[in-house]
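Chain nomenclature is as follows: A, B and C, assigned in order of appearance, with residue numbering initiated at 1 for each chain independently.
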């Protein structure tokens, strides 16, 4: 396959960026999308040009590093798939492919297609944990958790923090990401002691980071590579409302 | 230097308890006067950083990722072992210890492995308390499954992503300490040197991967939790960024490197499909429970398959060779990883491999699909089948999967004593980064266990012993050793940038990987290893005269990062070859063709090689010095493994 | 800021206000629609004028009317505030954007739909509400003592519904309202956290039916008068026979 690529190039965070056109030849349909970019980068390097910076690591769809906005969609056209698991057979010879970084003011561009998602880390730091020190835990079987609850908590916990939800959302909202963690811990008995403060603090941090608000469009869940459900956002709303109405926190 | 493993005296079961009592403690009020650097934030690093911060130490944690949650621990699928005996099937700490020692082909330290088995139970409790959503039974209690190398069900799991869930647990504990200000987190920072002052590790030099700035950080102790070096083979199941750089720089500063040739090759990976391939994907070991491994009986038939003239599903039963079932009637398709891998390679070497490259064997599910129906198979393996189809565009319900072994894990690593301290005082290594507990072969579901054991339950005790004897006065980066290290790192970066040759870092990496895989992979022999050594030396000198990188060091420059890592792999590769050449026996993942039983099984030499080979750096392009730590086995009897 | 203002100005807090006011306005739509059905009664507007007189003078209704003003006010204000916030969250847009592959058009365009409805609302208020409340309407007159002293809003409606551009605006606004409700109804429940695997599908379909019935109900009024009646609101002779049959039943 021969392809035309329109790639966002931006030297660093402060600089202005622009779309640049490249051509790649003899792309195998069995290649992953990132392997196709590897080919481009090898070509660029041989030609003495700066290769395209992009985030990736495990290349098996679990680390959440890869974050490309391909042809107007998070992680490209295939449903339930991260960029690294997207294969070139989903494209056709002669296609023009537009590749952009996640766009959100809370995710500034580091370089080219690499963005800074540390806002997600700061939201987790605001309360996305159970406060237990190492060593004091009771026996694992001391707290029975109904299988159905454990399974639902697990489904929420599968979020890989890639940011596709923010990128796909018209409002650049991080609600799906935040809701996954909040509902995981709200469902589990371990999360109960900090249930109210957790949701209050995480939402405060989310707002501070400059993400947009949720307007229940559903793009996030539709583009989520691991299928985090919109139900989590409803749970988050409920948790927030209940916490604000009943917590002793006057701040 | 004499290798002192500092194994406590006394009966095996009491060693750790006694040791915990004997180690010196740091007064709670003094803990905040000590700074500890933790490099790497996977399971071993994040758990260590969080636990040390909880104790009151000031921790600086470093990762080259954009977030501490992305380390490759996240990709572990199967589960984590623990001797809980929740299933009432006869498990015990001793049994887990025994299975691990035996699985490691008797090349691990008894005392360490026993401690690992002891603390395994605490890991599960800790993770449950953190909210890790382990699989549960309908009654609400924790579920277990069985795994390779064990006859009991002791593996705890969270569907196919146990690694991610455990890492998120450790990450959440770490995040909490970051929020408290007890951990200062440095993301996108790659460690490029250890600073040693008066023989003690006192800090590190890092490169900020966004700005390119070279930074120095001081501390009273340094913990390396930087993972394994499987990527020396270029193609492996490791993540793309996985590298040996941190461990290698520590090695060059005096930390011995132990058993570097011990690498684990996992039998069930999706085969390479072309030269462009950047990474290999694991298909869970559990598939071998129901899949049957075979190749065509004759080379001619295999040739026709490779040409695409005949489809595997059309090959008659009589024309198939179910080689594992044939050779190992007792264990059949469930032989351990090293045996399964080696036999697949043997078939391909005979010319009976399949797929367009001839480097694959079939893993066939047609029988179970016929027996139980596609629906039942989908319930069990649906996600794996879907992943296989996504990558290969072949439907495993209709035609057999193609699989081939791939590098998966490295048992070797920095030599550490019982306290997890390397040969450099104040420098510790945890998780896959150390040579630790798995001997010559790691059992499934044990990597997660070891990483968390080291981080949550070992290092928090043992590091105190060292710090208690170190005065709590601040360490400053003003010491000339920091400037010296920084200058070294800068000079190396400039040298890499100034070469401006013709070949990219990836090309060198692929060439190195090819040498390693050919001659230091699943089967090795003296002649091949000697050839490989010369090839690696040649490649290394070519690298330093012909590598091409563009741009500068003062910006985000992924080619530069890559080049630095490849340069270190080029040195490590030679040491692996040396180690493999030195070990004139076959054990676990190390198979020397000269040393095998008449049936072609690994032949250990316990009289001469029951030791840890700890290599000591002697300077640029100098042969390394071998130091031996003899392994004594007082609690298990050394036997030959047999799976017939 | 107190915890209350902090809560209500947080992103979720604003959404909750949107949701509560939106669902409240839905109840208003129901009442308004049912009331307006009096227009169809074949009595030269007697029932409709009685009804509008009641609505304009009853103290309970007049009190609730303030709630309605606040409901609209907050709904519009929060929509503005949220839109501003959401626009600011992504100042650099995408070169290519294919949201149509992952979401419904109406969900993404609530602001545009709402603005059309707002424009309509202003015209509508001026045209009927303003004149009814602050004078300018003729009395009904005639012989019937029960209605002859009432303002003849009915005639004003019939007049307006014979102006083509007004009818067009009205119908367009109702289509917008339909789309607005199509998303808004279920979205209101989602924002309040009222989501359950059992009931959410039901809420969704109730929302769709609600959107269609309400918007079609309102749109049918101008269309009916424009197409089938004379200047007095009486069914024209050439109107479909079905309408005559229905009308004679009342």
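We take it that a contact is a pair of C-beta atoms (placed from the backbone, for glycine too) under 8 Å apart; a residue touches a chain by one contact, two chains touch by 3 or more.
Keep in mind it's a predicted model, so treat the numbers as computed, not measured.
Colleague: So which chain ends up closest to the centre of the protein, judged by Cα positions averaged per chain?
Modeller: A
Colleague: What pair of chains is linked by the largest number of C-beta pairs in contact?
Modeller: Chains A-B share more contact pairs than any other pair.
Colleague: So, what's the distance in Å between the C-alpha centres of subunit C and subunit A?
Modeller: Centre-to-centre distance between subunit A and subunit C: 39 Å.
Colleague: Taking the mean of the CA coordinates per chain, how far is subunit A from subunit B in Å?
Modeller: Between these chains, centre-to-centre, one finds 27 Å.
Colleague: On a C-alpha centroid basis, what's the spacing between subunit B and subunit C, in Å?
Modeller: 65
Colleague: Subunit B: which residues touch two or more other chains?
Modeller: Counting only residues that touch two or more other chains, subunit B contributes none.
Colleague: Quick one: in the complex, what on subunit A touches subunit B?
Modeller: For subunit A paired with subunit B, touching residues are 11-13, 28-32, 34-35, 38-39, 41-42, 45-46, 48-51, 53, 55-65, 81, 85, 87, 89, 110-111, 114, 116-118, 120-121, 124-126, 128-141, 143-147, 150-151, 153-154, 157-158, 160-161, 184-185, 188, 190-191.
Colleague: Under the definition above, what is the set of subunit B residues touching subunit A in their complex?
Modeller: 47, 50-51, 54, 65-72, 74-75, 84, 86, 122, 124-131, 133-142, 158-159, 161, 163-165, 168, 171-173, 175-176, 178-179, 185, 187-188, 210, 237, 239-241, 273-274, 276-279, 281-282, 387, 390-393, 456-457, 460, 502, 504, 506-507, 548-551, 555-556, 558-559
Colleague: How about subunit C: which of its residues touch subunit A in the complex?
Modeller: That would be residues 2-3, 6-7, 10-16, 82, 85-86, 88-99, 101-104, 107-108, 110, 183, 186-187, 190-195, 197, 200 of subunit C.
Colleague: Which residues of subunit A touch subunit C once you look at their complex with the stated criterion?
Modeller: 6, 8, 19, 69, 71-73, 77, 98, 100, 103-106, 168, 170-173, 203-204, 206-207, 210-219, 222-223, 230-231, 233-241, 244, 249-251
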